[in-house]
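Structures are listed in the sections that come next.
Below are two complexes that have subunit A in common, paired first with subunit B and then with subunit C.
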Partner chain A sequence: MTHWHNDDPLDASHDTLVIDPVKMNIVNRIAEGSAVDGDLRFDGGLLLQGTLRGMGEITGRLVIWHTGQLQGRFKVLGDLYVLGHLGGVADDIDRDTLIECQGTAYVASTGVSTGTLLAARLRMYDGAVLQGPFKTLRPEQSVPVLQAARNS
Partner chain B sequence: MDSNPYASDPSDDEAVPDDLSADAPEVMMGQSMPEPHQLPTLQPAMQAMPVAVPEGPIRHSTLADGLSFSGTAAIAGSITVAGEVQGDLRVSEAVDGHVTVTETGTVVGDITARNISVLGQTVGLLDAGGGRVSLHSTASVSGRIRYTHLQVNGADLNAQLERVRTDGDQRH
Partner chain C sequence: MQDPSSSAGTQQFFTEQIVGLPIRITLGRRLAKADQPTRGVLVSGVSGRVEVMQLAALSLLADDPAQALAGRPVNGPALLRARRGWLIGGLLLWSVLLWGAFHVLEHGFP
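Moving on to the complex of A and B:
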């Protein structure tokens, strides 16, 4: 990937993510202080700096910023970067939050996830918090997260 | 990325709004984890070489590739598992022990230790409450994980995760 900066694999330094909205095709943004609730579909990537609740689909990358919070049932077709909160802010497991990520889920050292996370690949950094179930998605299986959510 | 329809063209006056093009922040993700094939390891010939041993006993056990073990093992020190274990591995909490399951290693059972590194397969509980769990990209882990520090680098993971707070933490 072009937006990662760490050339020396044995260098125990930090991985840095360059959030370039153009390269990452992040065309949607929920700014800090904003709260969006409902059944939503984002065409392209989303930079989440505020709060997003409900259900829906992000057809691109999702970056949950340090100030961002996502709750509910969402399907992310691209990679997921968790720098903020996925699920409730409390320590308890958030059983109402279920995220299906068809790419790689990156949980940074500042990231906290208390919901259920399904992802094709997980990369989790020291200091990150994952409470609750995690499942690696196999290529052949696609979990009907949204259908289950809509039928319930 | 060249074919990206959103890519900016310098000759295009209305290429990208300012708040998109000027704002490309770099964020720290955390300490990086090396890929398994790039981990520094000692060749067998090197392992047999005498080394200066620091004060106090150093105990390291190895369950070699091809060895299959059933039962419960209580370990003082550290252990490397390259074979198959059916049962529990327990490293005393008083020891800063390390359990390493190599790429050829399989453990079906619970592992309790301060530090756990997995490059192979485990089924069961990985209990490193107060300690560290590292899952490398070749690992396949299912069951439960109790940890205070957890690093995952693309492992195949199907687990219930539980973070254990240490005494130093403010909130419990």
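Moving on to the complex of A and C:
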């Protein structure tokens, strides 16, 4: 389990994020209660309030809402905001979930990640749970997540 | 409301209707530093001051401040303080420049 510290007086109040789907170009949504499974590609960002399983690519920002869950192998060509679950809920570590984020991964205080997370940058918030491994992704070291999965 | 007959208007209409209107969420308290000694991972966070100053400047200068801040988590009170700092700093700089210009006009170059 990860231990976190906060000793910066600037951070006395919490960070907020305005999710503006139009300005952030989040044109896709999986609503709460819906479950989508398969090999998927989203052109434009995705607001995930339901469950998404399988593999694929999201060209844009991905917001995993408080009720959302993402499992499988996905490549995010943009920033990732984790407010819900990334990986299995019941597992300590979900070895089948691998997310490659080309931008910044933000794990909010309500976010839980049990899968493997690869991101160019990571920002954690107090209370966030990062149980699965995290690896820094350098631009020249972009891991071909989908290619490897498709070839296997 | 956008004209739904245009392509951009249609896209915006459906985005607003299906994905939703802008919403503000709280991410939590930003971590200054984190360590995970058992796995050998060390993540050092930045204080955020530089980023807040950049965002404040961007939001002051941008035609659309909301666009400049879109998708960027920010500490609201810190952003307000930073904006105020930029404005006061700009005002002071402008005053000094004015004073300098009048000084030069009155006394000539030294």
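What we mean here is this: the second predicted complex is superposed on the first by the 141 of 152 C-alpha atoms of A that agree within 3 Å, B and C clash if a C-alpha of one lies under 4 Å from a C-alpha of the other, contacts with A are read in each partner's own complex, and residues count from 1 in each chain.
Keep in mind that, in the parts below, a residue touches a chain if its C-beta (ideal position, glycine included) is under 8 Å from a C-beta of that chain, and two chains touch if they have at least 3 such contacts.
Not measured: the values here are computed from a predicted model.
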item	value
Clash or fit (per the criteria above) of subunit B with subunit C on subunit A	clash
Touched partner set for A:129, first subunit B, second subunit C, both or neither	first
First, second, both or neither for A:18, with subunit B first and subunit C second	both
Which of subunit B and subunit C A:79 touches, first, second, both or neither	second
Which superposed partner A:61 touches (first subunit B, second subunit C, both, neither)	second
First, second, both or neither for A:28, with subunit B first and subunit C second	second
Shared contact residues on subunit A - subunit B and subunit C	2, 5-6, 10-11, 13-23, 27, 81, 83, 106, 108-109, 122-128, 130, 133-134
Residues of subunit A that touch subunit C when the two form their complex	2-8, 10-11, 13-24, 26-29, 47, 61, 79, 81, 83, 106, 108-110, 122-128, 130, 133-134
Subunit A partner contacts - residues on subunit C that touch it in the complex	11-12, 14-16, 18-36, 39, 41, 43, 45, 47-49, 52, 64, 66-67, 69-78
Subunit A to subunit B touching residues, read off their complex	2, 5-6, 9-23, 25, 27, 66, 81, 83, 91, 104, 106, 108-109, 121-136
Residue ranges of subunit B touching subunit A (in the complex, touch as defined)	1, 4, 6-8, 16, 20-21, 23-35, 38, 40, 132, 149-163, 171
